[in-house]
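Going in written order, the chains are labelled A, B, C and D, and every chain counts its residues from 1.
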Amino acid sequence: MLRFECDYGEGAAPAVLEFLQKTNFDQTPGYGEDEYCAKAAAQIKRLCDAPDADVHFFVGATQANLTVIAAALKPWQGVLCADSGHIHVHETGSIEATGHKCLALPGKNGKITARQIRKAVEEHRANASHEHEVQPGMVYISNPTEVGTLYNKEELTDISAACYELGLYLFVDGARMAYGLTSPANDLSLQDYAALCDVFYLGGTKCGALFGEAVVITNDDLKPDFRYCLKQHGGMLAKGRLLGEQFLALLDGEDGSGSSLYFTMAKKADKQALRIRAAFEAKGCKVLHDSPTNQQFFVLPDEWYEKLAETYAMTHMGKPDKHHTAVRVCTSWATKDEAVEQLIADVNGL
Amino acid sequence: MLRFECDYGEGAAPAVLEFLQKTNFDQTPGYGEDEYCAKAAAQIKRLCDAPDADVHFFVGATQANLTVIAAALKPWQGVLCADSGHIHVHETGSIEATGHKCLALPGKNGKITARQIRKAVEEHRANASHEHEVQPGMVYISNPTEVGTLYNKEELTDISAACYELGLYLFVDGARMAYGLTSPANDLSLQDYAALCDVFYLGGTKCGALFGEAVVITNDDLKPDFRYCLKQHGGMLAKGRLLGEQFLALLDGEDGSGSSLYFTMAKKADKQALRIRAAFEAKGCKVLHDSPTNQQFFVLPDEWYEKLAETYAMTHMGKPDKHHTAVRVCTSWATKDEAVEQLIADVNGL
Amino acid sequence: MLRFECDYGEGAAPAVLEFLQKTNFDQTPGYGEDEYCAKAAAQIKRLCDAPDADVHFFVGATQANLTVIAAALKPWQGVLCADSGHIHVHETGSIEATGHKCLALPGKNGKITARQIRKAVEEHRANASHEHEVQPGMVYISNPTEVGTLYNKEELTDISAACYELGLYLFVDGARMAYGLTSPANDLSLQDYAALCDVFYLGGTKCGALFGEAVVITNDDLKPDFRYCLKQHGGMLAKGRLLGEQFLALLDGEDGSGSSLYFTMAKKADKQALRIRAAFEAKGCKVLHDSPTNQQFFVLPDEWYEKLAETYAMTHMGKPDKHHTAVRVCTSWATKDEAVEQLIADVNGL
Amino acid sequence: MLRFECDYGEGAAPAVLEFLQKTNFDQTPGYGEDEYCAKAAAQIKRLCDAPDADVHFFVGATQANLTVIAAALKPWQGVLCADSGHIHVHETGSIEATGHKCLALPGKNGKITARQIRKAVEEHRANASHEHEVQPGMVYISNPTEVGTLYNKEELTDISAACYELGLYLFVDGARMAYGLTSPANDLSLQDYAALCDVFYLGGTKCGALFGEAVVITNDDLKPDFRYCLKQHGGMLAKGRLLGEQFLALLDGEDGSGSSLYFTMAKKADKQALRIRAAFEAKGCKVLHDSPTNQQFFVLPDEWYEKLAETYAMTHMGKPDKHHTAVRVCTSWATKDEAVEQLIADVNGL
């Protein structure tokens, strides 16, 4: 079985494991107060051109999302998000478990707009009984989104401006940040994220690390005492160095191209995904979302689906009609070219 | 600087890293639903002689504590614990953040008794206004305790009986389980824990893994839907296999003695700790707690403390009087014999 | 200004105040453990033909909603409700503040169906990654709904059957229970509610009391320790007797018709509302919802709205188009016939 | 049976009921946005000499405590209080249910000191692992305390100064404020409370109202959006006017002495309590706490207790030894002089 069902099916980029191996018997302080975390944070701040940012490392994305949101919001505030937002539909109510409501807006291809945000906030404020409603306090978006699509610079700038004017925090879930940054459709840089967001993260788990998300806080209001919140929610890893070490391996280590692994691996995965997409489209398959990143969503005739499913693990995304099946096909930093070639050949042969 | 300040200063037992390396490109389902987790769970159930238990893997102990307690208690219930209990004093209010109160009882050497538990519950129930108080719903103890001491089989049996009669869950935090099981003072087995507790865990983070705690649930009432709670609190690791793999490396891999690494490494660390203790005691230093495990607590004249602190990292535990300093000295699976020899020689030479 | 904007604009039915006056210097135990509460509970159980039910009195509906839901749900469960449900849109995230998500279903005229409930639960259970979603644990409906419409006996029976089969609790918010029970369109009795719901309440605040909601728990699983939860959320009134006394005044006191005040007052208000509706409809005004109870929703030409607004307070419900205004007009136990006559005359004269 | 067991056994001062009666058919906006609440708030601000304060009315004290504390604290903060503090031992974990830990300090006669507060905060801040502990964010004291004792002006000033210097909020629970203000031992005025506290309240429930607590916020940081929090926790009474009306009746209405009812009633109750105390002391009974207010705590030989208990309801406070019983005896605004005379006569006759 060749697995294309997700981007967290393998371990880590070999350079990551090598780094862990090499430093295994170093003795360091715990809880992220070691040199590796300090160096990784410094490197991330350089890449973001954000010398004053705070960087915190988390083991996973749900943990990062719930901790950031709980730390930022006042008790009566909620977080605006797309109705397909990961925090709203795929984290078992983790945000509500911290006391806050997800204020879902109808998304298009996983995205919401500055206009929707303004409307929601303005309607709330204009409502005579607004004290009986949850107050919007933050906007959460994912980029790439849960369905692989991308906000471009204009869209993110508009959302950022709306948040700034309205006094809301802007938080970008970057669990697949690398696949976004290296997509041919992308026009955003890490510096843009740092300039436009109050807090965002660079995902490691899906982008070459065993695990790990690097949260970057640029808004001074969100910085104080954040580590208390990290500890309170169980997110402070005893051997925090493991997180710093992995991000160093990904962001410091250059491959032949002169770029760091984090980017070169993601760029390759995006290319693989787009080749797969081209193959499906050439066969007349509809794409569910116009994704320029490593996640692709196709609608297949059932016979084709059943045939492919014999060899390839894909995520079943429901049946749009009686005779068709929707699937997600993911590539990742670990996807082998041979697997992609084989899949494409098999699609061509359908 | 030789570090004796904690038992999470290094990476992992080499066999753990080797296992991760060896399986790195295996493709597995995510979220702990892979073969490695299944095998590790099976091995733990064998060791516990608890075929019907559920085993869940967590990245860290705070996460495990808060998830187990939040899953088990009703909203109006609290958890009885020692006033030195980790959940009460060292986890930033993580239990309260899930809505539950820690009902602290005065501990002796980090331990509480069945008698104290009975008294607390009976007084609550006898109180005419008990509905105005938090209802005790669970007992939490750590074994070894936070100060290295051990509950013996009689004590744990008494506590278990009290909990059973009173209708409370018994939860044992086993972050340092290995160091307890292999202590010369220990008379408890994993089977005993499985028989006496409703839920407990075998710590990995401090006992040879990069990270990881294996929670064992024996009470059927606590089993259903536990994974929802795991996910909700951000404890469901995307690449859950990493946890299964590490516990397999620790619990399956035998060293020359025919025992698995988890136990042989801890046994050695306990011996090292007791040798260090003997050296300090021979010099007339008081121990703060009569610990038979890998954590030792000494009271030193300030000059001795300052001299040792030049070469050795120890945890500063306050000043019991003007001229003395209390310290914690830890060994671990990673502690080198040479470091122990050198420390003992330096203590002898004080 | 004649106020038709809500049904909580006045104090209480005179009989309620008289009862408070008459018993003012009685000395009773606190916290609802007095004779008046016992008698009121007994009367409610008689009316519901539910001798084994537990009855608890709350000051207000938000308090009742959040306490019942928090007491009933497991931490990873949420509550299914209409997207217009009071708990979802008009209680400042009170349910989320207790850690639970409102799982909103698209309502029609404020109502959801058994079919929608089944579909939501079945889809959740069929989803391979259901542990990443909030588990439905309860259904919350309001009857009358927030827009005055009514579930009939067949609909409530279907919803009850779905909940029973699926293992969900059914909770009916009866803040306006009296206006529902006495509506000409109603075919439900209090006995039906007791037979079909796990927990529901008879609203007092909007139905003749100064304040108060009587929660009736029929499901044995929800009974134990409920008062702890009541206290924890601040819902246990020190002088709980005030609640018992008010419900006694409303439910014991008969008017000339041989029925208790609670019902005779609501019946009159419903009639007034329907007369007002007929007047608006006779003028060609659209109703927003086909309400047979004390809340009516009309769409008026702006000139008509402005003219009426000089004399009558109505709730502004937005502008469906450029030239029309939507309003809510409420009657209540306190609405005077002369006020209704005057309004009708003014509508006729538009 | 003559009841001296608590100060919430009767209804309300007749003037309160008269006010409700008189205004019963007034039509007002809901949720505390009416003229009565506005007038009552203005009167309270006048009495406190705090024109810029915000005043919010709550139905009960547990509700007020949990809402104020949840609104003020950051998620990782806890509230310092006496180990006898009502929020810590008598509100079913209501503070923890909002996510915050009560950081209990050992009290003396129900009181804590500025010195204890400073020590707790300084130790926390000096602790290298303070991020693993709950951060103190507020000080909660009750005045009068739960055992009837009083903080004097010097003590409250010291605590206020400590809080100010340390950056903590000071919150005073004034459920029995009137009995404190009118005690012969008191040297604090409402103006002092307003000047020294960030937030405090004047209790109505135990001081002549049917129910109600008036929270006064003087610190600007705590003012914004407080009503959202009030609603979220179910504390926003639909007919909020009832609260304003009651406080107006208590604080505006003068009795013969030229002072308002709130004070004249409490003053009388304090006097009654001190006469009762003198009678018990004359018989050689020990007082448990040196209380100058309406709650008195005595230790009686069991025979005396049993004899008195035939006629008088007192709160049983445990048995200090085999032959003695501790009791609480309360007077209140409703206590009749004849009942006091009879009790004193019976004590004299023991």
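Simple rule for what comes next: a residue touches a chain if its C-beta (ideal position, glycine included) is under 8 Å from a C-beta of that chain, and two chains touch if they have at least 3 such contacts.
Everything quoted here is computed from the prediction, not taken from an experiment.
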item: Maximum centroid distance from subunit B, chain identifier (CA atoms); value: C
item: C-D against B-D, pair bridged by the larger set of C-beta contacts; value: C-D
item: Distance between chain centroids, defined by C-alpha means - subunit B, subunit D (Å); value: 43
item: Subunit B and subunit C: spacing of chain centres that average the CA atoms, whole Å; value: 50
item: For subunit C paired with subunit D, centre-to-centre distance based on mean C-alpha positions, whole Å; value: 34
item: Per-residue overlap in subunit D, given as positions that touch at least 2 other chains; value: 75-76, 91-93, 97-99, 131-132, 228-229, 231-232, 236
item: Interfacial residue positions of subunit C with respect to subunit A in the complex; value: 75-76, 78, 89-93, 96-102, 128-129, 131-134, 316
item: Complex contact set, residues of subunit B against subunit C; value: 31, 70-71, 74-76, 98-99, 131-132, 135, 225, 227-232, 236
item: Touching residues on subunit B, where the partner in the complex is subunit A; value: 1, 3, 6, 8-12, 14, 17, 20-21, 23-30, 59-67, 91-94, 97-98, 205-206, 210-211, 228-229, 231-239, 242, 313, 334
